[in-house]
């Protein structure tokens, strides 16, 4: 468990860093997929197996495909120079770094009300129950949101016909 | 023993890496990728707290599902926007996008 | 009395505005008629309650026709209305001017009559509301209602000037921003006052009378600061020198009806608030600031009157003259005694009716000739004798002729001011305004109305039809209140009694505390 | 009738007010009816005034000591109570009689004079308004009522001078009249205010009791003198005293009946009347008396010296009016209400007569103003000629015409105050000696310039060959005759030998009654002076023994100075146009560039700041996000190091 955690954490963070630092956007996308898979493994460690599956399906699957399509549609020229840093990279790096430290301090100094109870073994059924009872309205809203996003994406991305 | 703190620090670090990507990259698509990483990091937080603080309820996971759904929608719209902008500007370099300034 | 007469007065124009919404915009005559009827209902009811109060409540004084409906009870906001001897003249003034403003001639209103009259109704309601509110919050609410329609009306239906390089947009913007800056100070002062009072009582309230009953408990420093902020807000509205410059530009830019309402009543909200809220709740603060007000008042009178002499645009003459007249009001305030306050308040009424008539006539002439530039005009009495007569009456009232409404108030103001030994020198300087006032109005009258006939104005029409209404109504008020001043003075006196008593009290307290103010 | 009139004296001003309202509101399209209503009202007032006069004479002593007063509260508040009402005493009764008489005659005269004018009804409305105002002023029991009607009189004067408003000259003259008198009223109002403040009342009778004890009211003699002097500014303006006399000659732009009514007989004497009414104030402080007397005498001489060279009939009469008003002031300054009021009355008769006569001439000559165009009018208009002669003799002070008695009385009271008389009193005898000499000179000059005008107009040959003069119609001639008779007999009421001295002076007086014994030296010398003046006029302008052109050349600088009215008007115009208007323009500049400049400056600063700070808004999302997160970081750091337990707890202590 300990070993698994550290392994997954290093892989995930490493590939995330690689995604950010890589100058080739396509490789960045691939590292992103690795990151997502690592996160899915983290879910497994957290005994959220259903979520791990969803993570793989949606992130590593759908979203990655999306991104790749996006790259294909927009990127031209030298692939090695497609993913450069902007001028404010240094400042952004500093902010991120400080934020990491702050976050760590805050987490470590906080006293979490950790419970010793065991998580349920069977999660899918419970999630389904929660979603269809207590969270039925957000659930429906998300459904509508997805529909709207779908339509919106189509409309936005559709080529505008030049009128006269 | 791996506790809650480990997961929270991990997710925080992942979030910050995503943030760095979103703030420091030129390509709009790279920014989008950074955003996705940030969202995932948040999900880990949700799930981890749910697992360690209230293990018997799976509300955190339900939330994470919603976040994933929203993230998917966001990526779809975001990419559509990028494509549309690209069509206009032949560029996805956000440094060229300053229309917010009047 | 159970009949909520004040609410009805307030609602009549609102209903008029709502009805206008459903009338096709081409039917501008019907819209005007609706506006006229709804304001007339308000006016008639106001006259009725004025006389009821005058005959029944005058001896006892105090608020009458009160209505109290709790609104936001957590904050202590109550929709409470009521009138006393102070607010009634102001309410009457609002209604007289509101009613006549509907029938005034504005040069470009025909274009979008519907919007114009709807905004006008809203404006009138806002002004009326400030005068009948007994709750500070409601007062402020109505006050803010007033500002926006004016801005819109100035920039849509306004006009620029030939003598000064200003556009209507500039005028409207300047006016609005000035008023908003003033009201920002006002709001801050109001909230501070409210918090302080809530802390003292344990219960939050916006009720003016309740706040006033605490006035002896507020400490002096607090009163001075809060009155300073409030006084700034209100005196900007009253166009005190050197914060007056919005007023001539604004009047010159505004369409006739807005000029009438603005110069006639809106300005008076400043004076009303200064007394009803400033003097009544914060008498020690008033005492501290009075000398400064007196000095600036003299600035108002003389400075504006001298500037009037240099004006060549009719509306600027009237605009600056109104600034000058406000100096008389302010000097009456600064005297802090009952006579001066009576005079100042009556002066507000008098100036309201008079300047409304003035602006109405100037507006009519402008509407007919399409120019306000005095050297272009001349001999207009040939073509428009009625308008000329109205103009001369307004001019004479402006010059403070006895027998017209403004003489007795001015005299009383000066009696009050002379009574305070420290105010005598400022008052004497301000008295020269009486002479200068005669000079500039008579110059304008002579150059616009009299002299040889000018052929180019042969086509213009004299006042007829509904344009008669402002002339007749306003002159009737000017003469009636001029010949029988006690109709006004008794009323004002009954309203001023408690406030003056409070000031006397404060003076006593101050002298006990060491008397260094 | 007498009782009724006394108790309802308010009707006297009220009736003309009714006439005014009726004409303005209803009768304007009907000129004849308007005139009829107006004249009827003023005649009723006249009858009431006469019956009041009779009542006062019958009452005798009673009214002098205890004026009959009735008043209602006009408005009041704590510490200020103003009444409206009437006060009848011999002085006001006399004024009522004079004003209603002259007003009635002028209204009758106007039927002919204003015939065919398109503003005929309006003219009558104004005349009625004027009568109302003047009568209201006369019966006023307190100073504020007096001031109210005083101002209304000023309004009427404005309206009537500007009656032919389409003429530039009339419009400017009206404006000038109103503004000039307003300048004086500034002082009057201030004086009234100060009296109200210090004595707590404006009631004339109460003031008369309180003012002599002024020290009890915290005033020094100097302060009271100052108040009196300030108050006197009003009469200076209204009664055309130097230096505010400039409006009166210009006021002749109005129709002639107006000149007769307002600018000769009634309105302009309002100032004299006011000083007379408040004489107790002036008498309390000798300095004020001397001031009044000096202003009066100086004005008399000054105006007379201008009148000598003028060439318009009405202008000459106007300056003579100014001069005579100066006389009345002089009398008041010498402490004699009697002399002043007496002269006021006789002057009203003969000056109205002369103005109406001048109107008659103008009417005949089709408004040709220059007297050098006239000449030999004697044969064309005999009634006018003879009545005018009476007027001239009266003003010159020739026995037994009205002016003789009143002018003599004035000289006598001034004489009594001067060191020359031998029994002088008061602290300013030396000054009164000077004033006496000035008054005597004025008397001579008056006789000279009146007869100069008289001979130029009525004798010799008609110089304007195109004119066809004719005698005026009956409605115009009748008032001339009536006034002519009064100008002859009007002075006899002051005859000291009449009914054991209980003549005019017995009723109209202030203080103890004392019989003024005829001073034959004075009478003879003043008559001689008048005769010298007339003789000079005869020699120069009738017999042409001395060429007037030669004279003018000889004294060219003086002549020019007098002809140009000592350049007072020019001086005023210069001051107004350059200094006052200049200040106005300068202040406007200040207002536009500095006051507005500050406001616009604030706006501009905002704009500049905006254009600086808008650079911060790069328009790039990434920058905004970066700033957002940097802000979060900075905030967290600040809060964690700040010593606020709450903040550090919530951020660093976790979710408890």
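So that you can tell them apart, the chains are marked A, B, C and D in the order they are listed, and the count of residues begins at 1 in each.
Keep this in mind: a contact is a pair of C-beta atoms (placed from the backbone, for glycine too) under 8 Å apart; a residue touches a chain by one contact, two chains touch by 3 or more.
Nothing here was measured: the structure is a model prediction, and the numbers come from that model.
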Chain nearest the global centroid, as defined over all protein CA atoms shown: C
Cα-centroid distance, chain A relative to chain C, in whole angstrom: 65
Whole-Å gap between the CA centroids of chain A and chain B: 5
Separation of mean Cα positions, chain D and chain B [Å, integer]: 93
Between chain C and chain D, centroid-to-centroid distance (C-alpha), Å: 35
For chain A, residues that touch 2 or more chains besides their own: 86, 88, 92, 95-96, 99, 112
Numbers and ranges of chain D residues touching at least 2 other chains: 622, 626, 629
Residues within chain B bordering two or more other chains: 19, 23, 94-95
Pairwise chain contacts, counting only pairs that touch as defined: A-B, A-D, B-D, C-D
Interface residues, chain D side, partner chain B - complex: 614, 617-622, 624-626, 629
Touching residues (chain side chain D, partner chain A) in the complex: 622-623, 626, 629-630, 632-633, 636-637, 651-656
Chain A residues within the chain D interface of the complex: 86, 88, 91-92, 95-96, 98-99, 102, 105-106, 109-112
Sites on chain A touched by chain B in the complex: 1-2, 5, 9, 12-13, 16-17, 19-20, 25, 28-29, 32, 35-36, 39, 42-43, 45-48, 50-51, 54-55, 58-59, 62-63, 66-67, 69-71, 73-75, 82-89, 92-93, 95-97, 99-100, 103-104, 107-108, 112-115, 117-120, 123, 126-127, 130-131, 135, 138-139, 142, 145-146, 148-150, 152-154, 156-157, 159-160
Chain C residues within the chain D interface of the complex: 164, 174, 177-178, 242, 244-246, 303, 306-311, 337-339, 342, 379, 381-382, 396, 399, 401-403, 407-408, 411-412, 414-415, 418-419, 428, 431-432, 434-435, 438-439, 442-443, 446, 449-453, 485-486, 489-490, 493
